[in-house]
Amino acid sequence: MESLESASFEPLRVSDRLARKALRNTKERVIEALLFAAAGVSVLTTVGIVWVLVSESYHFFTVVPIWSFLTDTMWTPLFADAHYGILPLLAGTLTTSLVAVVVAIPLGTTIAIYLSEFARPAVREAVKPFLELLGGIPSIVYGYFALIVVIPLLQLLIPGLPGFNMLGAGIVMGIAIIPYVSSLAEDAMRAVPMSMREGSYAMGGTKFQTAVRVVIPAALSGILSAYILGVSRAVGETMIVAVAAGMQPNFTMNPMEPAQTISAYIVQVALGDLPHGSIGYQSIFAAGLSLMLMTLLLNVAGHFVRRRYREAY
Amino acid sequence: MRSIDRPDRQAATPTAASVAGAPNAHARDARSLPDTPPVKAAAENFSFYYGQFQALKSITLPVYEKHVTALIGPSGCGKSTLLRACNRMHDLYPGNRYEGAIRLLPDNTNLLDPAVDPIEVRMRIGMVFQKPNPFPKSIYENVAYGLRIRGEKSRSVLDGRVEEALKGAALWAEVAHRLNEPAFALSGGQQQRLCIARCLATDPEVLLFDEPTSALDPIATASIEELIDQLRQKVTILIVTHNMQQAARVSDFTAYMYLGELIEFGRTRQLFVNPVRRETEDYITGRFG
Amino acid sequence: QSIVKVDGSSTVFPITEAVAEDIQKARKGSVKVTVGISGTGGGFKKFCRGEIDVSGASRPIMKKEMEACASAGIRYYELPVAFDALTVIVNPKNTFVKQLTVEQLKKMWEPDAQGKVTSWKQIDSSFPDVPLKLFGAGSDSGTFDYFTEAVVGKAKASRGDFTASEDDNVLVQGVSRDQEAIGYLGYAYYAENQGKLRAVPIVNKEGKAVSPGPDSVISGAYNPLSRPIFIYVSEKALERPEVRDFVTYYMKNASNLATEVKYVPLPPKAYETAMENMSKKKVGTVFGGEAEVGVTIESLLSREAKL
Amino acid sequence: MIPADLSGIQRIIRRNKRRDLIFAIFGFIALLIGVLTFLALFLQMAFAGWERLTPEFFTSFPSRRAGQAGILSAWVGSVLVMLVTAVSAVPLGVAAGVYLEEYATRSLVTDLIEINVTNLAGVPSIVYGLLALGVFVYAFGLGQSILSAGLTLGLLILPVVIVATREAIRSIPQHIREGAYALGATRWQVTRDHIVPYSMPGILTGVIIGMSRAIGETAPVITIGALTFIAFLPESPIGPEFPWLNFEWLKSGFTVMPIQMFNWTSRPEEAFQQNAAAAGFVLVLMTLAMNAISIWIRYHLRKDIKW
Amino acid sequence: MRSIDRPDRQAATPTAASVAGAPNAHARDARSLPDTPPVKAAAENFSFYYGQFQALKSITLPVYEKHVTALIGPSGCGKSTLLRACNRMHDLYPGNRYEGAIRLLPDNTNLLDPAVDPIEVRMRIGMVFQKPNPFPKSIYENVAYGLRIRGEKSRSVLDGRVEEALKGAALWAEVAHRLNEPAFALSGGQQQRLCIARCLATDPEVLLFDEPTSALDPIATASIEELIDQLRQKVTILIVTHNMQQAARVSDFTAYMYLGELIEFGRTRQLFVNPVRRETEDYITGRFG
């Protein structure tokens, strides 16, 4: 017994060891708490966003009945005959997004299929950085491009097209979101196991048949989430529409017309200086809240799509 | 030359020269001999390279019509490589190279000829993989797939062929009432039979099986083996298996491979009971591998 | 660090920017100036909160803003810097609009027109039945206030369904690319883009159609759309040497710089009087906090002298 | 219909392969559209802004004379804002990522954080602008400063950094962790000595991608209110005496590259469009350079660590 | 308390209650041997649960000081689980549960006691994994790491210990001139020896090896086995191996496990030559597993 205790190999006595352990534990705890706090910041951000949007909108909705906000077809909060109908902004947002999606989804999907199923690896590696760069270009630059290049071109093709219109803005926005769609869709397709493709090729399928009939259905959930992400980008995109779509809350779904989107309204107002607390100031938060709800809806939809079409391979 | 047709009498494979001179000689021979069936396909001095690495070394091997030929050998010996060469699966990946020939009878086409479209080869030869790989579609669409890519649109033709194929794969009874359910809802064994039905629907001349039961439980395995037993009446089968009992149970002929070479080929019974080569014997008795 | 903070009117901005740029060069960076563009109304809001030292204004300070300043204890000097002619613009390819009366403008712009007046034909039966596309100043701008006052008769009374922008390029681009468009903006912005736009002569009180331009402004013939523009300087801020330096520099060079950026400068006398008022600490406005239309150069001069 | 003979099969193959070819052509065209748009955009700006891309362009302040205007205050502003962004987002994001991957056991709280991060990544940037307006500018009283803008963009890229960190950490094989733990390392030691260093390339890639996105963000910065003429630089972050740091610049007003470009785009004078093109070109080069760096890191730095 | 040191006379493990009454064959086997060395560590009725799944069932097993004890048994029998319990590796993952005790002698600490800091356990017990897992750092830093986390900063002390450890792992000659090169530049066998050196640098009382050579080629394997042979002079070793030849070659004692239970424990020679239990014999002769 005696010999056992003295033969301790640990250079420290037990009490020292305990002290060290306690110290270590405190340090570990403190660090963990700090890291947790850092993770909590993201939650605080969300709380902050919701709090700002809801509290300012709350004041807004004490003045403006929700019903008229949702049904009025005019949005003139800053003018004498003030109307607070979100519909024109909503129509603008949806129309520009729709144009963008009509451009981005077919092109993005085609590119994704081409890169994932057709292109040689060398081509894929060479082209992908280009697409990434396309996705990295600031949206103000796209706005400039829409205004200076694309809309004048469109006016040549379509006589009578106004100088600001949703078509031009939407097309450029579509190009801007192609990379999001194509890279996510391609990732989804590449995640389809080779055995699935081999099954189709072994039946005598061509690349196109394999891609369309086997790979796409198998990657459907990933592809759909890519689409949803694209839509959600389009809905929230600001500078392109602010610069090129016109700044007029115009209740129309005709892409040939100028209109304002929710996000563009917010920047427009922010360009001036509305006094803190005025109804105009609050109106941008009400608009922001609508925008946030739309993207939230898309996020939730994405979540369910991923659930519903979870890859079973 | 006799060696090919008479695996039971002589050792191993024919010499390179014997096949090179008369590509379809064994076919003729096969027909001429009473105890071997006609040849449906044959590898002739077939070598294969994954980039620099030579995975198969001058393989010469006949596959007899409407019989089951099993490929056995330790892991990595090149069984899958040989099987997959038979429907040009290696074409899907860059850097692979074929040498020699694999001929399909009766038309004596060299499957590996660059002028032969791999799609044509694959339309004639079906393949069933190690892991069941049904498409993410309904049961019906899985079976109809091969017909659809051949351009068949008539619903009634499809219906008929799908039923026939499912019956052929001994799956009809189990799925007849739920053809529109997703294929993933089936059990592993059912999925594998579905993959077989998928091949049968297009009437392939040869069916390739790559360890078709290694991902399955014993009951599912038994049902697949039984199915293979029935299929041999209609179609030529080449099967890779690492389970020697299975090879013994289902095959008529067996080829033993080692390190990319064909060591011995013969009637299954004979090869298992009385192998000519010592390596084969070591492997079969479990002393090695 | 001492920075002169200027904000407010986009109309005054070109002059202020010129002053800011030149003084920073002249003083080799020892004076630092920031110039924001929040519009006249936005500028006054900040000004009366004490956030900025100088506010540009394209209309005189209004009652509400005076009260806001008073309650915050902010007293200010009102310094006129130039005259502007609000210019009604159409696309050069628009051939049917030869001139417009104030009544016709009112028909287009009054709040009642919102959602109803949508065709040129509704303005004048001689005009074709093509859509009427309106571009105007944003609701936070002095230009907007002045235009609505002059045309509709009540400041800020305007329809809301038009392309409203604080950003004058939006108006230029919009009208220059659209044959059916009409808009209004500060003369300087028209002058810079004469090739793309056409200014519409406006029928004045005397019944004559007059085009905007330096001469018609000085003569007072271009009414009621000419107006003086100002800067307002906080009394307290003026005690700071850099602000005083900036304002003095502004007054000394306003005449030249206004011309350079295509405004109509005031007679030299006006700038001198303003400086005098400042040195005599005469704070406050010469306007009653009411919107006023048709202030001529002479009347402005006489009012200033009387402060 | 189903071919029984070889020629039938060959006929079908020919038809199927034609479709293959047609699609391959389409795919190639789609790819070209993407790549060509990029080139068109890039070259258009390069040609339009070429004359302005002189050394003076980078060392001059904005000016009313398009020919003399430069981007000095803009690029310095961008650099400073990015500094705040990086300093705020990187430690927070990495710490959060480390927490979620290395510390958290699955619980309601971590689920909440995860869902939250995913959702934040989908929140439009303009909404971050509103958050900043309500919280940083007004509630915290930080005003329209570099600090407000930097923090806003920091929050904006936080999800990107978190996700990149997590992915990088996840790619570290478990046996490396176990190796360190087996030697008696504490969780923090494992994190500090192994997890963070080994995931650095991945984290850096994510950070740079996030920063390249932040540097081009316009809308949230406009929402804070940065549309200003500024012709001087904020105080230097390096102070004259110990500890040689100066935090005055954080409170300074500012402008950034995209805002400067937007500003010039908004000018009606033709000459300013050239400046806008030149500024856009520089901005795109900046983001391209950042992307290129991240691609380089991905392909090269990661090669050094293979498990 | 002498019983601890003399498992040959009494129960294999220190607490009389646990082992003395235990009916385990191995205890008796061990005792029956004339001269067993002192016990360094011992599992006592140790059970382990992955969530609901019980992976180890009341294991009682001594590990003798400065000897090599091998754990053998078919795949999935729980060898790794037992080994990893010895340095509380399971603490890293949620949902795992220990029952019973693993005691470390001479201080008789129960390693599994929640009050015992797992870090402390791991500082006393080193572990070498199946796949060499050097850190992506320099060779030097790999070896020095254990000392660094113990707070050692002096360069000269580190230098000395690193050299000593590398010599102990028979790696010094090969790497002395390139200590600052990345560890990944070494061959697999060298990497594994580096991992051993990494453990040796901190003077562990026990070294755990989990199939340390299964990822290595035969030459590297031989060098590791030789190393283990030397190490036994200095340190107590517990090694998992699926290679029975290896167990026979390197170990002094062997434990045969099956389905989470310890079937038999004894001197290696005896267990291989003359196993007491039939299951062990079946496994050893290859009739099963």
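Per-chain residue numbering starts at 1, and chain names A, B, C, D and E are given in the order in which the chains are listed.
Rule of thumb we're sticking to: contacts are C-beta pairs under 8 Å (C-beta built on N, C-alpha and C of every residue); 3 or more make two chains touch, one makes a residue touch a chain.
For each chain, UniProt lists the protein as follows: A = Phosphate transport system permease protein; B, E = Phosphate ABC transporter ATP-binding protein; D = Phosphate transport system permease protein PstA.
Bear in mind the structure is a predicted one, so any value in this text is a computation, not a measurement.
Enquirer: Could you run down the chains that neighbour chain A and chain B together?
Expert: Chains that touch both chain A and chain B, as defined above, are D.
Enquirer: Could you tell me which chains are in contact with chain C and with chain D alike?
Expert: Under the touch definition, chain C and chain D have A as mutual neighbours.
Enquirer: With chain centres set to the mean of the C-alpha atoms, which chain is at the far end from chain D?
Expert: It is B whose centre lies farthest from that of chain D.
Enquirer: Looking at every pair of chains, which has the largest contact count?
Expert: A-D
Enquirer: Report the inter-chain centroid distance for chain B and chain D in whole angstrom, where each centroid is the mean of the CA atoms.
Expert: A distance of 53 Å separates the two centres.
Enquirer: Could you give the separation in Å between the centres of chain C and chain E, each centre being the mean of its C-alpha atoms?
Expert: 87
Enquirer: If you average the CA atoms of chain B and of chain E, how many Å lie between those two points?
Expert: Distance between chain centres: 47 Å.
Enquirer: Tell me, which residues of chain C touch at least two other chains?
Expert: Chain C, residues with two or more chain partners: 36-37, 167, 170, 173.
Enquirer: Which parts of chain D, given as residue numbers and ranges, touch two or more other chains?
Expert: Expected reply: 13, 16-17, 186, 225, 227, 265.
Enquirer: List, in ascending order, every residue of chain E touching at least 2 other chains.
Expert: If we look for residues of chain E contacting two or more partner chains, we find 119-120.
Enquirer: So, with touch as defined above, which chain pairs make the list?
Expert: A-B, A-C, A-D, A-E, B-D, C-D, D-E
Enquirer: So in the complex, which bits of chain E are touching chain A?
Expert: 1, 106-108, 117, 119-120, 124, 205
Enquirer: Hey, which residues of chain B end up touching chain D in the complex?
Expert: Going through chain B, the ones touching chain D are 107, 117, 119-120, 123-124, 147, 149-154, 157, 161, 202-203.
Enquirer: State the interface residues of chain E toward chain D in the complex, per the touch definition above.
Expert: Residue list for chain E touching chain D: 87, 89, 92, 94, 119-120, 122-123, 126-127, 129, 131, 133-136, 145-146, 148-150, 182, 184, 195, 198-199, 202.
Enquirer: Chain A touches which residues of chain C in the complex?
Expert: 7, 36-39, 41-43, 45-46, 111-112, 114-115, 133, 138-141, 148, 154, 156-167, 170, 173-179, 181
Enquirer: Under the stated contact criterion, what part of chain D meets chain E in this complex?
Expert: Where chain D meets chain E, its residues are 105-106, 173, 175-186, 189, 193-194, 198, 304-306.
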